[in-house]
Structures are given as structure tokens and as C-alpha cells.
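Some structures are shown below for you to check.
The two complexes that follow have chain A in common; it is paired with chain B in the first and with chain C in the second.
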Partner chain A sequence: MTRLIVRRLLLAIPLLIVVSMLTFVLTAVAPGNPAAAVLGPEASAKEVDALSHEMGLDEPLPNQYMTWAGHAVTGDLGESLVSSESVGEALSSRLPVTLSLVIGSTAISLLFGVALGMFSALRGGSVGLLTDVLAMLGWAIPSFWLGLMLIDLVAVNLHWLPATGYVKFGESPLDWARSLILPWVTLAALGITGIAKQTRDSMREVMGREFIASLRGGGVPEWRIVLLHGLRNAAIPIVTVTGVFAIAMLGGAVLVETVFAMPGLGALAVTSARAGDLTMLQGIVVVIAVLVVIINLLVDISYGWLNPKARLA
Partner chain B sequence: MVRRRPFAAFALALLVLVIVTCVAAPLVAPYPPDKTNLLSSLQGPSLSHLAGTDKLGRDTFSRLLYGGRLTLLYAAIVSGVALLTAVPLGLISGYRGGPVDRAIMSVNDIGLALPVLVVVLVVLSVFSEYLVIAMAALGLLLAPPMLRTVRGAALAVRRELFVDAAVVAGLSRPQIVFRHILPRVRGPVLVQSAIVAALAVQFTVGLSFLGFVANPPEASWGSIIAEGAQVLSKSSWMLLFGGGITAVVVLCLGIVGDALRDIAVGSWTRESTAASRRRRGRRRVAAEPPAPAPRPASSAALLAVRGLSIAFGEDEDLLVARDVNFTIEPGQAVGLVGESGCGKTSVARSIIRLLSGDGRVVAGQIEFDGRDVLGLSGADLASYRGGSVGYVAQMPMAALDPTVRVGPQIEEVLRAHESISRAEARERTIELLAKVRLPKPAEVARLYPHEISGGMAQRVSIARAVAAKPRLLIADEPTTALDVTLQAAILDLLRNLGRELGMAILLVSHDLGVVSELCDRAMVMYAGEIVEQGPVDDLLFAPAHPYTEALAACRPSSTTVRDRPLLVIPGQVPAPGDWPRHCHFADRCSHRTEQCVQRPVPIEPVGKGRESRCVYATEMLREGTREKARA
Partner chain C sequence: MMTYNWWARSSLVVCVLVVLSVAVTACGSGSSSSNSSTSGGEAEGSANSSTVSTESGSSGGTFTAGLADDTPSLDPANCPTTIYCRPAYNALIQMGSKGEFEPSLATSWKFTDAGHQSFEVKLREGLKFSDGTELTGAAAAASMISFSKVPSVSTTNYFPIRTVKAAGKYAFIIEYKEPVTYRYACEQISSNGTLGRLVGPEGVKDRKSLEKSSDGIGPYVLDSSETTKGSTYTWVPNPDYYEKSGIKFGKVVFKVMPEPASRFSAVQSGQIDWAQQILNEDRSQAESAGLQITQGEPGSQPMVILANRESGPLSKLEVREALSYALPREELAVALYGEEATPSSALVFEHTEGFDAEAAELFPYNVEKAKELLAKAGYANGFTLKLLSAGIFDPNNSLSQAMQASLGEIGVKVEIEPVAQLTTYTEKAASKQYDAMIQNSGAVGLSSLLLVKMGPGSPGNPWSLPIPAEVTKLAKEAALEPTPEAQEEKMEEASLAFSKQVWTLTVAEQPVIQAVSSKVGNVAPSYLAIQPDPFGEEWTLSG
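== the complex of A and B ==
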């Protein structure tokens, strides 16, 4: 188990290096000067040169990267090209928003997805068909569009919940939850349906296995068989899929945060991309990559917990 | 495809219609995309404006068509890049293997972990003037899952023989890859293409919603959604249509992809074979005579099975067992013998109500101690299972939950039948493990199933089956999966347990010899029917049915008649649904005459406590006696 985790962490290193080099490599091959892009078409050549120097763009590429990386490992991710705000501070103020969104949506997806999938596996018939249809719809409907439709219906027409905005948990836990309900549902739609489908498939497979019949043959109550033996054995692919969807939700946060005007990492990525704020984007990419590594690690650890055989690895 | 999958055909047609209409937008759109008319802004759908108008009075329907052109063009670029990256690299990776494979796959793994949308935003901000580059980057980022699939498929094909043959035939590597492997992986590639195309549409719409794709006044589906979002309080139509068309296209791609996958694997799916078997079964069984009325059982019986017929499949006609009758007295050990596929496991499992999948009893009765077993439900069924009848399954390892320690799996059964504390259950479990002669029972209880051997697993299984002191133990091929040296020990264990607990045993086996070591009586099953039953010694030494005779002769054992050569029964058991109307064994029988293939043969008493389903039973017995007398 420990070896598995160590190997995962070692594999994370090349990922983080590739991700962190992204902007440097891209700027090097891109036509034009990023400093000029930041300053806009009216800037003079002198201003552009000055900013280029400030950004370290006149240095050779490896030096630029090493300087950035040297600061990055100490937690200093540089300054925004646009607002001169510290990237580290900007990210840490926005991270809780994105985490609230993604963790909440993942939890909702897992809860409802597993429930729906189990129901469908055990009952089959029309519920199974419903799961199929929902899974297809959840996959086909663009999440940000679903979010807009929910705003239209629940906020604009019914006035049940605020349409947009985010309230910090510290300010008012209730308003925090109210501001997150629609984004959670929006982002969870994809996860619920995908997890439900996986749950149904693996539950069906497991419930057909011999040990389930043997447990029934021993007179063990059906609820114990389903929840303690069935679900546990079906859990590994479900957890894998949940990890995949959690990562997808980090990406989905870009759109959903924009739709709901939430001050999270995703919305920041969009505004930074519009403004050409490369240092900020660089920081966002690295933070998201770290989150991806953490999600994968959690999935691996849960494998060991769920499957005694994996603990040997 | 149209007839077999009307739904997918419809999706494909719709998809083609949308694509063609969008591409032909300049010809079919009723208005130019940027023709404003402030007098008719934000209208709902009408005959002159099929999808209404936007804030500037532009016709939304026309803008959807022009916007579709742009959206689909970029989605096509994205999918194209993904395909052109994933397919060649996946083929090379799967075909070459070794370091090339490892290199490609480790890069691929990094690609899989990248947050797609955020990376695309980075590319967009660097190459803000060159949207195509960002779209190509998006294509690259969508390639990794597809690459993995193609590699897997190529790997599987490479392992097949015909590629080796191609190598021997002297074809060059690219020739092999592109001429032989590519056509074979076409299925998975098509499926993945549909998925990638759907993702490409979604991402393109998402990016254009964020304002990165279309420059106003140019339209795209995403920009129409964005414009719709701005006027949400006044009109929802643009939002509805812009997202609706996207969802429809993605949905169609998904349905087409699903259908492609089903077609790709369709030739061997269970569904299609089951369906064809059902069709055959229907034709066949219509000719079967109705099962005779169940006979009364002797009152002393612990278990009485009467007129039992079992079917699988959705219809009631794919019989795997027909009109099965037998009884088991308390404490008696009885065998159920036959080749695999004869229906003996189904009969055994029906007694404890454990028929797998959609198997069920379609006729007959099962009585245990005078109680109707088939009518049990809820708590009664749970206490009957394990409490009255114990079950030991065929594969000992498969019968244990791999994620739970051995001990708790037995404790669970104990606690299901008796209200005892956890500690007490643990203690009793260790006693049980000792009773099935496992050394160091307390330690075994703490092990996981993968930490014990097959023989140990079988003992654990037996301990669990007898935990609640059942009066009948059903053991389905308990020794088949085990080492020969272990077989005798397990049989010995069963015999002693039976004696000690006063427990009857139903031993299911393909081996008449194994049955003879444990049982006094046995039933011989062939193709769903009991063909002979009687005392085991009689079955072995004076069979009254050619199938029993053949089974007895198949055994390389000192107990069989020595001067006869070891037999292999020619042919195989006919599959359920393919049973003939006449004697089921006739096609493989060495004694067959005209009489055997004319009508169904009933099972009839032959001598004391014996029954046979053969028209020559009496002759066989007479001849057997004569032979013995000669010897």
C-alpha cells in the first residue's frame, strides 16, 4: 500500500513539471510579445521593453523557468501581469470557493449516483431504463447550460434561490449553502448520472457472483448482503469513476463559476485568459494539477481500504 | 441498422440533417445572420422567425444555422486532431510494445491528468490571435483516452495468430499495422470517435459561451447561449434553442456511439445468443409432452421433490430440468450424478431457492419436512436457508467474499439464525473451523480468502454451511476444484459431519465413483431428466440405463468391472432447448434401436427401489446378471 502511494507521488512529479512548464514553452513558441499583449496596441515600444524586462522575458527560457520554479517551491508564484496582485494570495482567496463547489458536487454525485445505481441494479426494469436515459441526458446537456436553465427556472421565475454570487461560509453558513445549491446541482448532474451507471453495472456484476448466492444460501439478511458485501465489492470501479468525475468537475468549475458569478479559480482562469494574464494562469494550472494529484491519491488509498488484495501492492 | 436499431438510425439521420443544414446555411437560412430589425427584438418563435429573435431583432434560427457552421467546423478540427494523434500513436504503442509503448503511455498518462479546459485557456491567452491553435491543443488534450482504447485493441489483435502469420509471410511492419490491425480496431475507433466528437462539440460550445470562439457579430451556439443568458429576465428562447441544439447533437452522437459499440461486440453478446437460444427453445419445447402429474411422496421423507421443472430465459420454455422426482430421508446421503450441463446444479440450487440469473421453477413442488419450500418468503426463507438446508458451492474460492475476513463470514451466518453476541459468534466460529479440521482455527478466522488455499476455502465453506445446524447439506461438486489428494479428505469430512450432526447430504457430482464413496443412493441425470435412480452399488455394478453404464465405465477405478475398456461417451449433452422428443440419450447411445426414437420414454420402476428411463432396462438387468454369473 505504502509502495503504491509512493509510486503515485513519484508519478505526480513529471506531471507537475510538465504543467508548470506549460506557459513558458507556449510563450517561447508563440508569435508576438506577451508583454505587448498585456499592454495593448497603444503601448510604445519602450513600455513593452520595460515590461518584458520586468517579466524576465529577455532572459533565456530555461533561466526564466528556473527562476519561476525556484520561487514556486517556496510558495511564491509571482505577481499578476494585469493587477500586480500576488498570484499566491489571489489563488488562496479563491481556492475555498472552488473546493466548496467541487467537493459538494462530488459528495452529491456520489450519494445520489450510488443510490440511483443500486436501485436500478436491484429493481431493473423501468428504473434501469430511467438510469440509462438520465445518464445519456446528463452527458449530453452542457453543464453551464443546465446552470443557466436552473437560474432561469429556480431563481428568475420562482425566486427560491439567489441567481448568482457566493457567500463565504464564515459570513453565513446558511447563505453559503443557499448560494451553492444551484452550482452544486449543475455540476453534479454529470457526476450523478455517470456514477449511477457505473454503480448499476458493477452492482449487477457483483450480485451475480457466487459468494452472494452462498451468503443467501446461509440465510444472511438481504440488506446485509447488498450493503455490506455487494456494495463493498462493487465499490472499486465506482470510486474510480468518482475520481474521474471529480477531476472533470474541476474543469467544469471554469464554466459553472462563470455562469454563477462565483469568485473561484475557474472564473479567475477565464478572466485571466481574456486579459492575457499568464502568471496568474500559470498559478491556476499548477494548483489544479496539485488537486488532480490529490484526488488520484485519495482514490488509490481507498482501493487499499476496499480491497484487501491491493494492500499487498 | 435501420430495422434493428430504429432509434440509433433516427439519431444518425437527425445528426446528418443538422450538419447538412448548418453547412448549407447560406442557402437555407431565411435571413442573413446579422440582419438587425430593432422593431422585432426578443420575439418568441413564430412562422416568420422559427426560433424567435434576439435583442437586435436578428433571426435566431438563421443565427443557429450560421453559428452551427462555425461550431461544427471547430468541433471537426478538434476531433480530427484527436483522431490523428490517438489512432497512429495508439496503434504503434499497442503493436510495438516495450519501451516505445512505455514512453507513449507515460506521456499519455500525464495527458490524462491535465485539466483540459484550464490548459486550453492558457493556450488561448498565449495564442489569442490564432484560435485554430487552441482548437488543435484541445484536440491533443482529448486524445489520451482514445489513445488508450486504440492501444488496448491493437494489443489484443497483435496477440492473435494471424499477425504472427503475417510476420512469417514477410509483410513489413507498417503494412501489418495499417493493413491488418487498423481494420480490426475500426470498431473501438468509431465508438471513440463518436465520444470525442461529442466532447469536441461540448468544449467548443463552452469556449464560445465564454467568448473565445466567435467574434461578434459572428454567431456560434455558445455565443447565442451567452446572449440568451444576458436577456434571461425577458426571454428564455435563445437560451433554450442554443443549448437545446447542442444537447441534441451531443445526444445523437452518444446514441450513435452506443449503437456502434453494440454492433462491434454484438456478434458474441449474451443478449443475442440468449435470444437465439430462446427462439430455438420455443420451437423445440412445443413438441415436448406435458409433464406427468406429480406423484405422492413417502411421508417419512425429509425432502421431497415432485414433478420439478426449471426454466431459464424470459419465456417459460427453455427448460433445463423436466419432471424431476426424488426424495431424501433424514440422515441419508444421496448423490445426484451426470455430466456438466445435465441440469443437476439447477435442481440442487432450486432446493435452496438459489437459481442464478433468471432461472426459476416452472412446475412441480419442493417439500422440506412437510413445508412448501417454493412458497417461502421473507424471514421464513432466510431461516430455511442455512437453518434447514446448508449449501456448499462448486468453487470454494468464489463462494467467499474476497473483501471480508474468513471468520466474520461464518459469524454472519451464525448471527442470522441465533441471537448471540458477537463474541459468542466468534467463539463458535473458531469451534466450527476446528470441527472441519482446520489447523490453527483462530488464526484462519483472521485471514482473507486470498490468503488461504483452495482446500482450506472448501473447509471454511463447509463450516459456514453447517454453522446453523441444517438438517440437509447440499454439496455441489465439493471436490471437483480440489487436488486429488484433498478429495478423499473432504469426502471423509462430509461423511463424519453428516453422521455427527444427523444431517442428510445431497452430493452433486459428475463422478459416480465420488458419489459411491459417500452415498447410499443416487439419481442419475441426463439432459434435464432423471434417467435412473437406485442404490449406488446397483448403479455401479448393474446399471439399468445405458447412460449410467457409460458413466460407470468412464471411471478409472478398481471398483469397476475390470475387463471392460475405459470408456469415453461419444458426443455431448444436448443443450437445453435442443432436447429431442424421444429418449434424450438416444443420439449417443450404443444400444439405440428404432423403438428409442419414436416417443418419449417414461421413467418406470425396475426392481426394488430402482427406476429407469430406458426401454431396455429389464433386458440390461438380465444381461448384467448373466454376465456376473459367467464371471
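== the complex of A and C ==
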């Protein structure tokens, strides 16, 4: 298992280099000059050029990248082009928000998705059909719309939960959870339905295998058959899908954080993109890439835990 | 199948239990939760934390606002959304909700020369910046000069100024490059802008320090321990503030909420006290929900700058007039901005410097006349007009598309180039590749338009064409008039003359609407600025 983890981590290094280079190139060649964003629409071309020089934006691209990368390996991701704020500080203050959102949504998706999928697989018939319909709805309903509807119903009309914002866990664990319930539900809607459908299909396939019939014939209690043998054998595709949804939720956080006015990485990405803040965007992409690597690593570790043969692969 | 029943039931039970636990958590704090909790929900939580300092004179409670835009900085020199510097930096002159100029850090102000290029400001004595140093003429001059050196959107405000120098211990003089009107000189340093928000010597020395601690003279000071850039900004009462009765809140919290629907939901649910800039279509819902509506006059709206006047069709006045006659303003105003919008073809809007009512109705809708004028100019078959449209000035390109449809009626084919980012827009606007471009009027008066916004070299005038001589002459004469009233009268003439040149196509002015909780007192139904001033207008909080 250790070898697996080390190998995956080593593979992540070139991935991060490529991602950072691609982001750097794409953001640099995108139209628009960050200096113009700082100075606004009334600044003259001369002033924009002067500030571009001051910001080092007129340097050749490889030089700009090497300067950035040289600092990045020491943990210095530079300063925001627009606000001069430290990118590292901005990211570290916002990362817990996005992690709270994505981890919570993934957990809810897994819990509800597996429960619903198992229920559907074991009952079949109309329940299976219902799962399909729910899955279709989950895919079809845009998360921002669902978020706005939940705010209107639960926060504005029922006054049960706050409409927007985020409370730090350290300030009040209860308020932290309350501030996250609606965003969690909004973001998890897609995951629940997707995981439920995968669970149902996998469970149905596994529960129809011969060894399950043999176990039943041997008098093994049904709960042991379902949990220890059925679910475990069906788990690998479920874990794969969960990993995919967790990564998708990192992307979905952009919309959800905007709708719920949460100070996370997604909302920061939106404001940075609007302002043309390249260094901030670069930092965000690198952090997201690291999170994707971590999620994939966790998925790989789960494979190893669920299937010992995978540890040798 | 019976063998699966136990599991089917168990799965269902798990689902139900999880749903119940979520519901219990949700209801845990009962109905009171509406105001509690979140960092955005300090309305109640803040009431606890906002222990009122009787010494500071604050009347208590946390005032929480949901703002549409973040600020690039908390330095007044780089604070285009002025609301962010209002709590900690009083301006030299306070502009009242009816446009009157009132003393604030300054006690009096006047031109000291007949040429109206030298404007003296006398300061209130005995005031101290947050860094403990005294407000003097030298400190004020240093602050304003330092302002001009900060790369920011606001730097342009300093363009018409030659220099600022101390004039005795408690006075300073602003020297302008050319004569300016009394109203312009006052507005420049009023609470409507940022130039008159002075920074103490320590802040001037290290402007970056202003991100962590404010260094102005205002009712509040920045609380950096409860401030997260880009998300939440917190101010607490300034213990050294000279006018204790001006401190109305125990704490001030600004939440960045770019999504209008989120701001509106938050103010409806009681989570915030002020939702900045709500959508026009939410007005009636806000009123029926018991919220107060306050609106800016003049309004704001995007306008089309007919930029390529050097050569081609737009260089002919008849063509520009034809385009203006082709706009069904009454219809477009309602369709684009709602019932509250006022159709106008004027270059400047009502309540701003130089507004002339005649200019608002210069070009009534008349397609036949428009076609005649085009034919007279040699463009009977129309022409193609390349229009640059940025999403920040023209959301959803709605104005561009309205122009496309209206001008299509007289044979002018509008090719829209939509751009999403300001950075791209600025670059393209300066490229001289576009005949016209959409910008926001910013609700500024004629002096600002002439000196900054439409001045040669600005993106509003990429071909650097001179302002029409007649307009310049009238504006200069206006600035030299002895009284503000006479100046205004002359500026109206200048504005009318400028509007007749049709450098821009305006459709309507639209009020910017604010939704304020019923708990907030002293809220005027309207104010003469783009945004209200909760601190200058002394909003209060009850309940």
C-alpha cells in the first residue's frame, strides 16, 4: 500500500507542473491586460503600459513562469495583481470553506446515494424506476436554481436556516453546520442521484452472482451477505463514481458559493476571473489540482482496501 | 424477494433518520435562527457581540450590509466602490441626500482667485487620524498628493489638479490646471468620492498598511481580526472620533454578495440590514415584504459613445443625429430598465452639474426624420457600425441588442462585439477598431465629463478628438462666473450644446434601488448619488 501511495504522489508532481504551466500560458495569452483592470476604463494606454512594466507583465512568458514557479516551490504564490493581497493567505483563508462544502456534500451524496441505491436494488420494480427518475432530475436541475429555490423556501419563508454566508467551525460548530446545510444539499443533489444509480446497478449485478446464492444456502444471515459480501463486491465502481462526483463538486462549488455568498475558492475564482487577476487564478488552479490529486489518491487507497489485488497493481 | 425486505426497510430507515437529523439540526435553534449564525447573519449574533461602548456614543447593534462588489483595496485611493472607505474615512465635505454641501472634516471652502483655479479648504481643528497625528493642512495636502500616485481607477480624479499645498496650519489649497466650477471643486472632495477622504501620515508612508488598519478620521475603525478580504469586512467604533453622536452602530459588517438574488434573500430573511443595489423587478416584492426602498437620483445607466468621429459616417453630425432620432426611448426605457426609468437623450442626467431639461428631449423618436438625415449625409442605404459591449456596463448585452434592432430600422447594421472582462474591454476600446462602445455614465456632471471621462486620450475618446470649441468656451465661461448659480446656468448651456453634438446615444436614466430592513431608521426615500451613505445620513438601527 505504501508503494502505491508513494508512486501516486510521485506521478502527481509532473501533473502539477503541467497543470501550472498550462494555466499560466492560457491565462497569459487570454485577451485583456491586468494592468488595465487595476487602472479602470478611464486610464490612458500610456498609464496601462507603465503599470504593466511595473508588474512585470511585459517580460517574456517563460521568464514570468520561471519566476512564479521559483517562488511557488517555496510556498510563495505571489501577490494578487488587483489587490496586492498575498495569494497564499487568500487561499488559506478560503480553502476551509470549500473543503467543508465539498467534503460534506460528498459525504451526504455517499450516504444517501448508497442507501437509496441499495433500497432500489433490493426492492427493484417501481422503486428502481423512481431511482432512475430521481437520477434524471438530479442531472437535469441546475444547482444554482435549486440553491435559489431552497433559499427562498427554507431561509426566506420558513426562516429555518440562514440564506447566505458561512460560519467558521471554530466559532460555533452548530452554526457552521447550519450555514452549510443548504449548500450541502444543493451541491449533493447531483451526487446522490448518480451514486444511487451506480449503487443500484452494481448491487443488482453482485446480488445475482452464484456465490451469493451459495452463502444464502449456507445459512449466512442476510445482513452479512448484503453488507460484507454484496456491498463490498459492488463498492469499487461506487467508489470510482464518488471520486468523480467529488471532483465535479469542486467545480460545482463555483456556482454554489456564489449563490450562497460563501467565501470559498469558487467565489474567489469568479471574482478573480472577472478582475483578470492572473496570479490569484493561478494559485486557485494549483490548489484545485492538488485537491484532485488527493481525491484520486484516496480513491486508489480505497481500491487497495477493498481489493487486495489492487495494492500490487 | 422476501429475503431482501429487511435490507430494503433498513435502507429506508437510514434515509429517514438522516433526513430527520438534518431537520432537527435545522430546527434546533427555532425561528430565532433567521437572524443568527452565519458570518453574514450577525444581525442577532452581532447584537450580542456588539456590546455598545457608551464611551463611543454608539447606539448599538450590528449594521450588516450585503454589497454587490468587492473592493480591490481598503485604501481610499483605490476604493472605487466608495462605501468601503466610508466607515473609517470621513470626507472633507459631506454631501447631503439633497445634494447640499455640509462641513465635515472641512469647516469652510472657497476659491481664492477670480480665475477659479485655486480652491482653499479650511480644516476643523483638533482632529486626529487613527495613527494619533493631528489633521493639519500639510497632512491633508500630503494625503491628496499621495492619492495621485496609487495605481487605481480613482487616480483619474486627480487629473485636473496641478498640485495641493498647505496654507497655514489648518488649511490647504488645491490648484487646478484650468478653471473649474464651485460645484465640481466641492464634489471632488465630497463624500460622493474618495479624493477628499484623507489618510494619516503613517498610512501615507505605507499605504499597504491600510489593508490591515485604517488611518483616517471617521466614526469607525477597521477590525482586521474580523475581516476576511473578499468576503467580510468589519468596523468597530472609533474611540477617538470627534463626534460621538455620529456613531450609530456597535459594529458595522459588510458582506460581499455579488449575486443580486442572494442579497435580496438575505435582506428578506433578516440576515442583513441593507441589500445594496437590488434588481428593479424585485422592487414590488421588497415593498410587500415590508422592506424600505431608497433610490439614487440621478440614476445610472449605460450609454453608447459614438467614438469614431474622426472619419466615416459618425464624423457627420447628421448621421449622429439620425441615430439618436431612431431610438424609441419611451419604449426602450421600460423594456430595458422598467417603469421607474426616465427616457432621456441628455449627455448628463437630472441633478448632476449642467443638466438641461431641453437636452433630455432633443431627439424625439422619428424614423422618417432619421432616414432623411442619413440620406442628406450620403448614407441613404445605411452603413455598418461596430459596437463594443462589455458585460459589466451592458448586462446580457440588452442595450446593444436594442440598438441593433432600433438602428436596423433606418438601415444601420450594428455588429456587436461582446466582451466579458473589463481588461479586454479597455484594451479593445483603445484600439480604435470600434465605431462605438458602451460605457456607464457614472452619473457624473459636465465638468467630470469634460475634464476626465470624455477628455482626449480617455477610452471615452480613443481618437483623442478635441471637445467642441463652443462647449469648451461655454464651460470655461461657466467656471469663471462669480456665483455657483450663474455657473450652473452657463453649464446648462454648455451641456445643451454638447448634447446637440451627439457624442453619445443615451436612452434613459434608471434609479439604482436599495432594499433596507424596516429595523433601520433615518432612511431617506432618495439621495443624490449613485449609492446611499448610511453613515453620513446617520442611519440608525432599532430592535
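The criterion applied here is as follows: the second predicted complex is superposed on the first by the 286 of 313 C-alpha atoms of A that agree within 3 Å, B and C clash if a C-alpha of one lies under 4 Å from a C-alpha of the other, contacts with A are read in each partner's own complex, and residues count from 1 in each chain.
Following the convention adopted for this analysis, a residue touches a chain if its C-beta (ideal position, glycine included) is under 8 Å from a C-beta of that chain, and two chains touch if they have at least 3 such contacts.
Note that this is a predicted model, so its numbers are computed, not measured.
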Next item on the list: Following the overlay on chain A, give me a clash-or-fit verdict for chain B and chain C.
Entry: clash
Notebook entry, point to check: In the superposed arrangement, which partner chain does A:Leu61 touch: chain B (first), chain C (second), both, or neither?
Noted result: neither
Item checked: First, second, both or neither for A:Thr164, with chain B first and chain C second -> second
Next item on the list: Scan A:Ala107 for contacts with chain B and chain C and give back first, second, both or neither.
Entry: neither
Check: Just chain B (first), just chain C (second), both, or neither: which does A:Leu268 touch?
Finding: second
Check: Regarding the shared-chain residue A:Gly251, is it in contact with chain B (first), chain C (second), both, or neither?
Finding: first
Notebook entry, point to check: Between chain B (first) and chain C (second), which, if any, makes contact with A:Ser84: first, second, both or neither?
Noted result: second
Next item on the list: Check whether A:Leu297 is in contact with chain B, with chain C, with both or with neither, and answer first, second, both or neither.
Entry: neither
Margin query: Quick one: is A:Gly276 in contact with chain B, with chain C, with both, or with neither? Answer first, second, both or neither.
Written below: both
Next item on the list: Please work out whether A:Leu148 is in contact with chain B alone, chain C alone, both, or neither, and reply first, second, both or neither.
Entry: both
Notebook entry, point to check: In the superposed arrangement, what residues of chain A touch both chain B and chain C?
Noted result: 31-32, 34, 37, 148, 151-152, 156, 216, 222, 258-259, 270, 273-276
Margin query: Residue numbers of chain C touching chain A in their complex, please.
Written below: 1, 3-8, 10-12, 14-15, 18, 22, 25-29, 31, 33-34, 36-41, 45, 66, 70, 72-73, 80, 151-156, 208, 211, 228-232, 255-259, 261-263, 265-266, 268-271, 392, 419-430, 439, 452-453, 457-460
Next item on the list: Spell out the part of chain A that touches chain C in their complex, as residue ranges.
Entry: 31-45, 47-48, 51, 54, 82-85, 90, 93-94, 111-112, 115-116, 118-119, 122-124, 127, 148, 151-152, 154-156, 159-168, 172, 174-175, 177-179, 181, 216, 222-223, 226, 258-261, 263, 267-268, 270-271, 273-276
Margin query: Under the definition above, what is the set of chain A residues touching chain B in their complex?
Written below: 11, 14-15, 18-19, 22-23, 26-27, 30-32, 34, 37, 136-137, 139-142, 144-146, 148-149, 151-152, 156, 208-211, 213-222, 224, 228-229, 232-233, 247, 250-252, 254-255, 258-259, 266, 269-270, 272-278, 281-282, 284-285, 288-289, 292-293, 296, 306-309
Notebook entry, point to check: Which residues of chain B touch chain A in the complex?
Noted result: 106, 109-110, 113-119, 121-130, 198, 202, 205-206, 209-212, 225, 228-229, 232-233, 236, 239-240, 242-243, 246-248, 250-251, 254-255, 349, 352, 354, 356-357, 382-387, 389-391, 393-395, 398-404, 409, 412-413, 416-417, 448, 450, 461, 464-465, 467-468
